[in-house]
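In the two assemblies presented below, chain A is common to both, partnered first by chain B and then by chain C.
Now for the complex of A and B:
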């Protein structure tokens, strides 16, 4: 079953009249709940790592227990060096989380600013900002990232900084279209007529009260994208380096054994990637249904 | 100031206001407001009435400085007298617009938008919302849907008065809500605009506009988009507030009945020009037989109770409002005029009539008025 969204025009949507906690239906709650579980899993991995609650040391090599199938001792088995896969998956989630946050914060901050300024001012300011953003958008992301890696041989944080910059145009265009939509609305004109400062109108009336939903949703969707980029880079060997675990390099390390029957080595981290991307997407989708001014059929 | 005899009581004096927008498609000016002059005295209600598209709202927006973008020209003078000081809200603005012409045809108009806006903002700063405030049509969409009513009024109060503490501002907001006759104001403060009816939203808008104790209140079609019964209540409220606070109101509407109930002075606008201007009792007096044909047509299009009972057809004015792009040689109302007779027909076609005074302070733009 597909839900159809209809953007309402000038009038305040009936949908927004219902309090948030009563708008939610079962589907939204399941989506958001699933997403939150993924987030909690990532956050708890930090606690587990700090408090030494992991089943095994993720870096600890144990040559006596190489290539073990899943059993009661190693729930997801061990890899070719006898390292516990479950522990490595738990710690591997840390490879994308903090750098990903950095990239999202950069994309959201600069994207929002650019969107607000170009959407509200219009005219020449808009042309210049749009030109720069289109320039960034026109180069494929992976190419920029790989070029940066080739030139600087950077760490994962630097890579994520670049990912953040390449995500600015998406956020900016979203915010810009919303600002242009809001700018023509009566209440912004009324706020102007009341003598409010332009700064107050932009940041308070437009950004804080009418755009924060977009920003939150964009953050969750951005996280899903960041996971994909980080894992693909690590798979190619450009991201997190061995022996530090990352889901991408775990899949890469296991691929040689895949057709020999030891498919758990690759599949377990791949499923983790799948679940976490799905989790962040569903979280974003659920929040979108709840927070945005849309009416569903 | 010595030369011009400024009447002390005049709050707003608009002279020769022209608001033109340039249309690239038609390569001509849209003369939305064309040489409009009027003045409002303290404690008086001036009603501007006319069909849609005749420049009423643009006049109000020009006074508020809300016309900000697009090429075009605003000229004339808008003299605002506040605390004994007169400020021209359009002073120096024309310096930022240059028009290149070649044998009457306009080649190019250049507007230094940034400079123009800056100048406009400097002129209007501290006046918009404080000395002149405005209430809008469709009140439900004029309030921010995500902020509580109390916060929105408090924001306006904190901006324009010495109150800076949020709590005091909320208390003041409650007082204003009580003043505009909203039941249990202390509870309504925490409602969102969508929880209120259209009439209540308009009352909130009025409270917001009046909370800065403005010298002039511009009401741009305050009853449009409301039910008829609520319209009456809003008019009653405005009437009452006017008495209480000695408000000066510029009332813009297309509804003759609103004008009848509220206005002291009336300006009838047609095609961007004022065609009749005078005291209400002069214009609406049934004994006075000299009125502008357009005013008569407007008054006639209001059905009386008997006519509604008899189920008669509404008497609409035939034809449409003329576009404001074409330059007319003759009277703009000529095509639709019912009263033109052979005596004046030739004159009407040839030249536009001037404003002539036919009674004390009663002006009209029609050849019929000339003896």
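Now for the complex of A and C:
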């Protein structure tokens, strides 16, 4: 079974009455702030690329300035072809962001729909949907992705489509358990008794009022996972290909230099991966504390 | 009376789960089989490139591999063989798939299970400490530390480990070229990848988050308060629900994830595992090998789920009475 948020009637109703801006404590603010900085960095990389604000051309080879250590001219130094590492890291963040958004949207949309339908209807619909989701969940994600890559030689967007599909079961099971929990609550009974349309109950009273938090948190955690998968694939040589920068293939390209003692080539993108995955984790965790059940102190 | 286990419902539950598992495995095999046959590419190209373009010989090869029959017939005969324990022969090497699978599968399983244990050894103590809430800043620091660990890119961690152990201490076979097989290597060859994957597989933070939520919930239950008031050990009373169940849940949930991470670590450490076999087989369109690997992976995943069901049933026999997985 997957992660499930503990919800107990009394605590939730008390908690939901506190306004959001008063729920945060110092730790939450630090976590969310750090996460937002990472998100802003990625967004600003797009602006920088469009407006030509990058310090250097990320693909520009300059053989006179190979393997420079960081100085005032190249803030993070240059790689074995004299390309500016900082520019490559900034542009490398684009390798995962847009494709990752696609995968998250797919996972969230279909996962939410499947979770809502199977949780609300139950019975046979639930068994069929659960069977299909379990089927997706039976094969390790990486195996599905590798098979797809070997067969179709796809681009990064197609890969991320598959990642999105493999993420559907996680989202669906979270939404489903939440829906099952909510279905027994009085306000849904009351809504039914008042004769509200089923569609309104599901989408407004269950999804919009009560499942927003799950969806937002899953989006941030999903982005962290996308970074992990994209960098792993690029590292293995299946994702973004070499002249185009991606953090994964930058680490792989620096491999030989790493074992010779030039750590920086691999380490700079690795630290970028570390910081951004950490940012999305912390963002998700902080939002979780704000929006979902919070432990009593 | 209170402590007698109800064997019959538990057995019923396990049988039910087994039945569902078999249904799912059938579904997985059908799914992969149809993807294989509708995907572009042809297993024949590994023969044709080397040997001949002669249509008669191609037909002969096809007949030998059993590819001239209809897809449904191929699937059924594959299934029929599988029930008798025969995974078929690899197209490329001609050897039985099963023995090849066992060779590399054991290596991958050692890597996966070993690193799962390492992950748990790191995550469980941190979760327990931070759920106590005695020292909020210590527990926040530990949690942050765990987040950093799980955000580390595993391949880079592998580089550092290789560099330290091979270059500095000279005890690791430095990127050994020929993939070694068997167990005659020294222990560090096995231990280093396991520890690296255990730290860097990226699931530590999720395990901690899940365990902390569950443990905090259990620790605030009334029966724990009663135990505290009696002066009994709270850990003995909260162990089953607060630690055992979350740990098995997380093991079952994380096995597929760590199997995937193993593919990357195999690449970094030249570990003769399933990832490389799967890659080569997919490039060659070696159908029997691909089917074998996916079934093997799915079986491992479902073994984790099955053990979870069993533990749940023993800890909380109510689940088996209701007849639904909790």
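Everything that follows uses one rule, which is that the second predicted complex is superposed on the first by the 282 of 297 C-alpha atoms of A that agree within 3 Å, B and C clash if a C-alpha of one lies under 4 Å from a C-alpha of the other, contacts with A are read in each partner's own complex, and residues count from 1 in each chain.
Here is the rule we go by: contacts are C-beta pairs under 8 Å (C-beta built on N, C-alpha and C of every residue); 3 or more make two chains touch, one makes a residue touch a chain.
Just so it is clear, the structure is predicted and the values come from calculations on it, not from any experiment.
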Fit or clash between chain C and chain B when superposed on chain A: fit
Contacts of A:285 with chain B and chain C, given as first, second, both or neither: second
Chain A: partner with more touched residues, chain B or chain C: C
A:118 touches, of chain B and chain C: first, second, both or neither? neither
Touching partner for A:151 - first (chain B), second (chain C), both, neither: second
Which superposed partner A:27 touches (first chain B, second chain C, both, neither): second
Which superposed partner A:252 touches (first chain B, second chain C, both, neither): second
Contacts of A:139 with chain B and chain C, given as first, second, both or neither: second
Once both complexes are placed on the shared chain, angle at chain A toward chain B and chain C, C-alpha, multiple of 10 degrees: 90
Touched partner set for A:185, first chain B, second chain C, both or neither: first
Touched partner set for A:194, first chain B, second chain C, both or neither: first
Chain B versus chain C as contact partner of A:210, first or second or both or neither: first
Chain B versus chain C - smallest C-alpha distance in the overlay, whole Å: 10
Shared chain A contacts, counted only where both chain B and chain C touch the same residue: none
Chain A - residues contacting chain C, complex: 1-3, 5-6, 8, 27, 131, 134-135, 137-143, 146-147, 149-152, 224-225, 228, 231-232, 235-236, 248, 251-252, 255, 258-259, 266-267, 270, 273-275, 277-278, 281-282, 285, 295-297
Interfacial residue positions of chain C with respect to chain A in the complex: 20, 23-25, 27-28, 31-32, 35-36, 39-41, 133, 140, 147-148, 150-156, 159, 162-163, 167, 175, 202, 205-206, 209-210, 213-214, 216-217, 220, 249, 252-253, 256-257, 259-261, 263-264, 267, 275, 278-279, 282-283, 290, 293-294, 297-298, 301-302, 308, 325-326
Partner chain A, residues of chain B touching it in the complex: 64, 66, 69, 113, 126-130, 133-134, 136, 138, 140-147, 155-156, 159-160, 193-195, 205, 208-209, 212
Chain A - residues contacting chain B, complex: 10-12, 16-17, 122-123, 185-187, 189-196, 205, 209-210
